[in-house]
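We call the chains A, B, C and D, going by the order they appear; numbering starts again at 1 in every chain.
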Amino acid sequence: MCGIVAISGIDRAAEHAYLGLYALQHRGQEAAGISTVAADGQAHLHKAHGLVVEGFRDETLRQLPGDLALGHSRYSTAGGAGLVNTQPIVVRYHAGDLALVHNGNLTNAGTLRDELVRAGALFQTTVDTEVIVHLIARSRAGSADEQVLEALGQLTGAFSVLITVGRTLYAARDPWGFRPLIMGRKKNGYVFASESCALDLIGAHGRYSIAPGEVLKIEDGRLERLPALRGAEHAAPCIFELVYFARPDSRLWDVAVDRARRAFGRQLAREHPAPADCVFSVPDSSNSAALGYSEESGIPLELGLIRNHYVGRTFIHPTQHGRDLGVRIKYNAVREVIQGQSVIVTDDSLARGTTSAGLISLIREAGAREIHFRVASPPVTHPCYYGIDMPTKEELIGARLSVEQIRRHLKVDTLGYLSLAGMHAAVAEHGPFCDACFSGHYPSPLVDLKYGHLAGRDRADS
Amino acid sequence: MCGIVAISGIDRAAEHAYLGLYALQHRGQEAAGISTVAADGQAHLHKAHGLVVEGFRDETLRQLPGDLALGHSRYSTAGGAGLVNTQPIVVRYHAGDLALVHNGNLTNAGTLRDELVRAGALFQTTVDTEVIVHLIARSRAGSADEQVLEALGQLTGAFSVLITVGRTLYAARDPWGFRPLIMGRKKNGYVFASESCALDLIGAHGRYSIAPGEVLKIEDGRLERLPALRGAEHAAPCIFELVYFARPDSRLWDVAVDRARRAFGRQLAREHPAPADCVFSVPDSSNSAALGYSEESGIPLELGLIRNHYVGRTFIHPTQHGRDLGVRIKYNAVREVIQGQSVIVTDDSLARGTTSAGLISLIREAGAREIHFRVASPPVTHPCYYGIDMPTKEELIGARLSVEQIRRHLKVDTLGYLSLAGMHAAVAEHGPFCDACFSGHYPSPLVDLKYGHLAGRDRADS
Amino acid sequence: MCGIVAISGIDRAAEHAYLGLYALQHRGQEAAGISTVAADGQAHLHKAHGLVVEGFRDETLRQLPGDLALGHSRYSTAGGAGLVNTQPIVVRYHAGDLALVHNGNLTNAGTLRDELVRAGALFQTTVDTEVIVHLIARSRAGSADEQVLEALGQLTGAFSVLITVGRTLYAARDPWGFRPLIMGRKKNGYVFASESCALDLIGAHGRYSIAPGEVLKIEDGRLERLPALRGAEHAAPCIFELVYFARPDSRLWDVAVDRARRAFGRQLAREHPAPADCVFSVPDSSNSAALGYSEESGIPLELGLIRNHYVGRTFIHPTQHGRDLGVRIKYNAVREVIQGQSVIVTDDSLARGTTSAGLISLIREAGAREIHFRVASPPVTHPCYYGIDMPTKEELIGARLSVEQIRRHLKVDTLGYLSLAGMHAAVAEHGPFCDACFSGHYPSPLVDLKYGHLAGRDRADS
Amino acid sequence: MCGIVAISGIDRAAEHAYLGLYALQHRGQEAAGISTVAADGQAHLHKAHGLVVEGFRDETLRQLPGDLALGHSRYSTAGGAGLVNTQPIVVRYHAGDLALVHNGNLTNAGTLRDELVRAGALFQTTVDTEVIVHLIARSRAGSADEQVLEALGQLTGAFSVLITVGRTLYAARDPWGFRPLIMGRKKNGYVFASESCALDLIGAHGRYSIAPGEVLKIEDGRLERLPALRGAEHAAPCIFELVYFARPDSRLWDVAVDRARRAFGRQLAREHPAPADCVFSVPDSSNSAALGYSEESGIPLELGLIRNHYVGRTFIHPTQHGRDLGVRIKYNAVREVIQGQSVIVTDDSLARGTTSAGLISLIREAGAREIHFRVASPPVTHPCYYGIDMPTKEELIGARLSVEQIRRHLKVDTLGYLSLAGMHAAVAEHGPFCDACFSGHYPSPLVDLKYGHLAGRDRADS
């Protein structure tokens, strides 16, 4: 996954993009990039490995002039770790400097790439996003608007994109609307971001959710709506954004993430009650769900697990210490809460199950009498081809084992997953949603998979 | 403040000390150091600026051989930022290699230093801890035990210390017991740490709290109790450790921190009720207090503020953005929780009040109808001379303004502080405690202050 | 200027390329890059700012597998300092992975780039080298051989290039042969490099100088000669390589650089004798010329200037110190040699004249009675469009002032430049040479200059 | 070995010390340190690993205020690589802040250290220099002058020291005068440095060589001579400084280093003539000797070996390449000079002989017909206890093998060492000198060695 942001018509646009990326850091920590366009239409670019606060300094931002900016924070290391594979992609073509950031994953990138290469195109990266850039540059259409529309019209899969051609900004979501994209205003300028929390930090007001297939254009301070992209039978925003990915203080598609998770937690309490002394979350990802469970069930909320704030990427793994050390450096159990108690532990979702197993052994050691494990989403059973970086099918515990087998594997007294129907019901007024990772039903065609191109994980860079 | 740890009789002691410091990182982020003693009695040392994960790599730990280790994480930048001022202090003296880590602040260090310097002692640092080392080295007593006891007996103020002389480990707390020090076992070895959360991560069991004035010695795997240090009328452990400083999953002085904070929150609800729609915390420091308040008052708990996990020390402060940016990059308000509501916000304590003011403006902007601000401790009115790095008296809002003036300054509808009596009552079974920062009553004599030496903040390095 | 190297058919090719770049470090210190091709035809790439020893570690080289490698060290910062502008350029096109390194400067890159962009090509860099890559990819010719030949046939200006297409290596020099390119053998493999000193360090034997216009191909260990590039009336290797740029222990075009410089020095002694006590060089660039001058004139050689070995790029320029500090941190005068003496100082060439002026003031201060300054090449009067990074015409002292004016400017007693005819005579058996920077006669057409494209310095990146 | 520098009475003294250390970089590359004393008498300190240009930036120097500074560049890694072992040593004692830099090696440091430790002194480093600091601090003498004199009077071995006590500067050499120390003036200020080349770069004039045993004091801009240190039968400056260590553009003890080396070369030609075609040096350390040999013998000088300017400390040693790679990355042979010739190669001295063996194999491969190896000093046969970091006796080829055996080991046609008598004769007017490494005659008593303390290499840090 990735986070994207665009600023138009605001002085020191790079600084605003920086704040936006900072708020979207949870969507990608591997690398960050910002491009700007100065008054003369020339693009400037800086990319760096690591967190946005590590890669951007005052002087870096000062060297990115202009009131028009794109920003990108990158999650996956697929496609190779080199900076060449990070975004924004900035190129020079006949209509001027072109820059592009992309959140999502295309399902026909391999097929399109083959055609482009046969026609003499040079690819400098291994990310699917570069295909979009080539399609725009090769379009024979007469205007930049038409070139962009023609290029986007050829894509299948997930794409929220922000594009600058010279001093014009385009913002678009794929016809299915898999990934979020929100627009706000600051004074006379426009701000786009993957989630509303970025608009909060930038100080932008208004929370317009770009519609599936919608293409917006901002030029000389005027907003224009271009003809929509078509091809989807119905909208299919990704429900996993609500389950896990987005920040709880964000709104996506007019859904407050915290409220959605609270509703999942309440529904979970109805579906899988347990006669326990207390309920607590795996902080912070299931805080909302635990609170919902507590509200619905009347079982007191507790703080049973504490999260270390200093978890770094460079932790040394000493040799003598047990296999759960990876979990222990991140979490500690509060013995006073747990000892001798029957506890309900909520988690947001279960992919590999390794962290959960470690947590449960921690809770056991702290003296829990009974552990009732509750997952606020259904079993993850299928890979995502639309941009969520899931483990392979072989690694997904929900694809390999039955719920009872998982319960025994995790060594818990009871295990309850939210049902697929229950999940949809909890957010029914905002649906329908894409639930492919839980159901295997893929709304946008998997073109590359059909024609034997690698898709999914290997190109899931954005 | 600082965190300290010692390992005795466990292979690869440096790795265990590393884990301990990692768990104590919240007690000091400026620098970290580990010393070890190999089988030949020789001391090895590595110190580095920044977080422990930044300063220690696999190869660093491998170059610290032995089964006896001390570790220190440093908070304050007072005493000069140079590495020379960080701990462990390691010196060669006539009884062998001597290493020492210290948590706390001495109140007669300046006076003792003057005497030592007049006698020809060379000081290489500006931290008060070096005084202890010189007192040991200059002692004319016949054994290392007596030298250590003689040196510690001359000190006033706060000191939890861990000392190695050759292959012998000493652990001691000052007679007032200001700072915590906990002992656990791992196999045949011993582990000491400022808080029990470090013992959890190291995998040590047992939670013995060293008593005020107690001096322990471990040699050849045998634990021995030396004659206790005297001079205190009564024990006076620091209540601010329970209010704010310690981790909620720690036990100190047989008090579970989470339980103490929960009790503060419940007492706060009794003293300062409010007719509100919900209560929420400033995460994560007042999570326990908010839960206690909710439990006692029956007012529903909410998640009204979200904390950014990627707060770094290198954040760029763009020029255009308002004065509250420092708060906004750390917290965001959840509009859906707050809009149109009357809310109770709990905080653990109030020193300068700057962060609180920023948070309240954030909550106001998110649409709160009424804000009832509740502080789970009394107003901070006096500096700490025992090791907590407080603002100066001029900066302490509680020392300058009345509660009503603070309410107006913060622009909240009502403001309630936990009373001094209420705070003590909540943890009465574990007291008495030092409450100097709230009351101005200092249990250990402020010798340097009396004789005109700088004390308090300027030397508050440990 | 740049240094280039290629390895074919030798295990751990990246290590050999590293050694080659190390030996060619004098040709470019700004950045270095190595690409390799593994057995599967896939290209791997690492680029880094700074010296090759700074940017490449053991693990970097291990991550560059294969027996086929290209290397590049970059001098100029023109074209922007970003790593995207450094080489090798690696792209994916329809015939596989394509990598290219280039030494020299094209004189029709701007014109070709315009045509390519109009046809939909995307440029990701601002260096002229990218044009070559696009020409190859867009060629409609049926084989990689023909594509490469067709692309190179469209270029004017200076290019020694090394190209890998899949596992095939191509090596070529432009028809004028401006820049050197030498081939040697190591066991069954082939080694190409800008100068023979790189072959020495790699341990390759044989010193074949690729002919002007020659195109070689190595596939499956077999060397093949492709049809030569045409268009030059006569060969025109750059005489400035012999005057200054190449290392004295290198052979280029079957000329030993040390011998050429010695001959320049002898001819200089014949043209501009002086009745002095001793002759010394500006170390190390004019050591050979000074020795030649001494041999021919019979005037004793001395060591009058000492060069500091620790000159770094990060030297701090203190404020109080005089304007010659830049010279003084690099050189010191030996007072015992100079005091009271009449001295002849040789230098290899004179561009801006700033360093020379500083040196002469140093020598004056050391007590020289008379200074006879001798330059082992003619006045530099014209910019180079073929890859030498000269100052602009306005900065060239030889273009602005007469020899007598320069003498007065430098404050020397006599000044003598080697004559143009004398320079050519000294190396007559190896000529003709390009002497454009001394004569203004440009052998290859300056297409971009004619059509108003920026040429010369601004794109002189390789 | 080390380089030391002091500045007194010159604004921005730290910048001047920086320049001085830069010029003395050849005396120590492991670490560098500068201390200054501001107008209030307080000492400031910065130390860093690596070259002075790496460890000191503009802002570092700005944080070292005052017109009084000491600087130190450290060579040896003995005593442990930690920064704690680097200089200046800065301590607080009863007479104020005390800072000290030391070049040389004490021969009774271990014995003195034992006494001090028994009296309660704490040692924080493992370098012998710390002993001097303790002796000053413990002195019962009434004035700082007497304390310094009393402390220095107890030392044996080699010490050129620069000391600040408050705002007073002391400069002294041991009674034997092993290590150099030169004084110059800049405006009203004073500059001290190990070699005159540092005074050249600082822009100081005058070259006063502090006499053996001389102690100077500068206070309030006035220079005063304190009573001299006694104990030496005769002066014994280190002849190895002239042979190898000092820079050729320096003057030490009124000897121009270049002239001394030229005289060694001429004497070598007289003692060991050879019927060869040319003579060349191992650059740059034997350039002077080669020139002297050429002058005396009439055999033409050549440039047969070229030195790479980019030799770094981080060079990767690829696995496939031969054992001489360490030599080859530093030097290359010029085939045109060597092929088919009978050559004389001069070197300054021979310790282990490993580099020489590598060079000779390089020269052989370049086609030399005959190699006559000439060493411009006698065989090194004994360790140095006065500060030169020699290999151990077991590693010294001159201590293990006869000249004929060494000739066979090096595989040269003839081998000639300068005789001990010839060496002294060449610089007779400046003697006598210490020649202990060549003769085994040690002029200052080896106290520690006698009493079983480790001396020599293990503590040879300065």
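Please note the rule applied: a residue touches a chain if its C-beta (ideal position, glycine included) is under 8 Å from a C-beta of that chain, and two chains touch if they have at least 3 such contacts.
As the structure is a computational prediction, the values presented were derived from the model and not from experiment.
Listed by label, the chains touching subunit B and subunit D alike form an empty list.
Taking the mean Cα position of each chain as its centre, D sits at the greatest distance from subunit A. By residue number, more than half of the contact pairs of B-D reappear in one of the listed pairs A-C, C-D or A-B, namely A-C.
Separating the centre of subunit B from that of subunit C, both taken as means of CA atoms, is a distance of 61 Å. Note on chain placement: the centre of subunit A and the centre of subunit C lie 49 Å apart, centres being C-alpha means. Averaging C-alpha coordinates per chain places the centre of subunit C 37 Å away from that of subunit D. Residue positions of subunit C touching 2 or more other chains: none. A complete list of chain pairs in contact reads A-B, A-C, B-D, C-D. Listing the residues of subunit B that touch subunit A in their complex gives 11-12, 15-16, 18-19, 22-23, 25-26, 29, 51, 53-54, 56-58, 61, 197, 200-201, 203, 247-249, 251, 256, 258-259, 283-284, 287-288, 291, 295, 300-303, 306-310, 312, 314-316, 318-322, 328-329, 332-337.
By the touch criterion given at the top, residues 45, 82-84, 90-94, 98, 117-118, 120-124, 133-134, 137-139 of subunit B touch subunit D in their complex.
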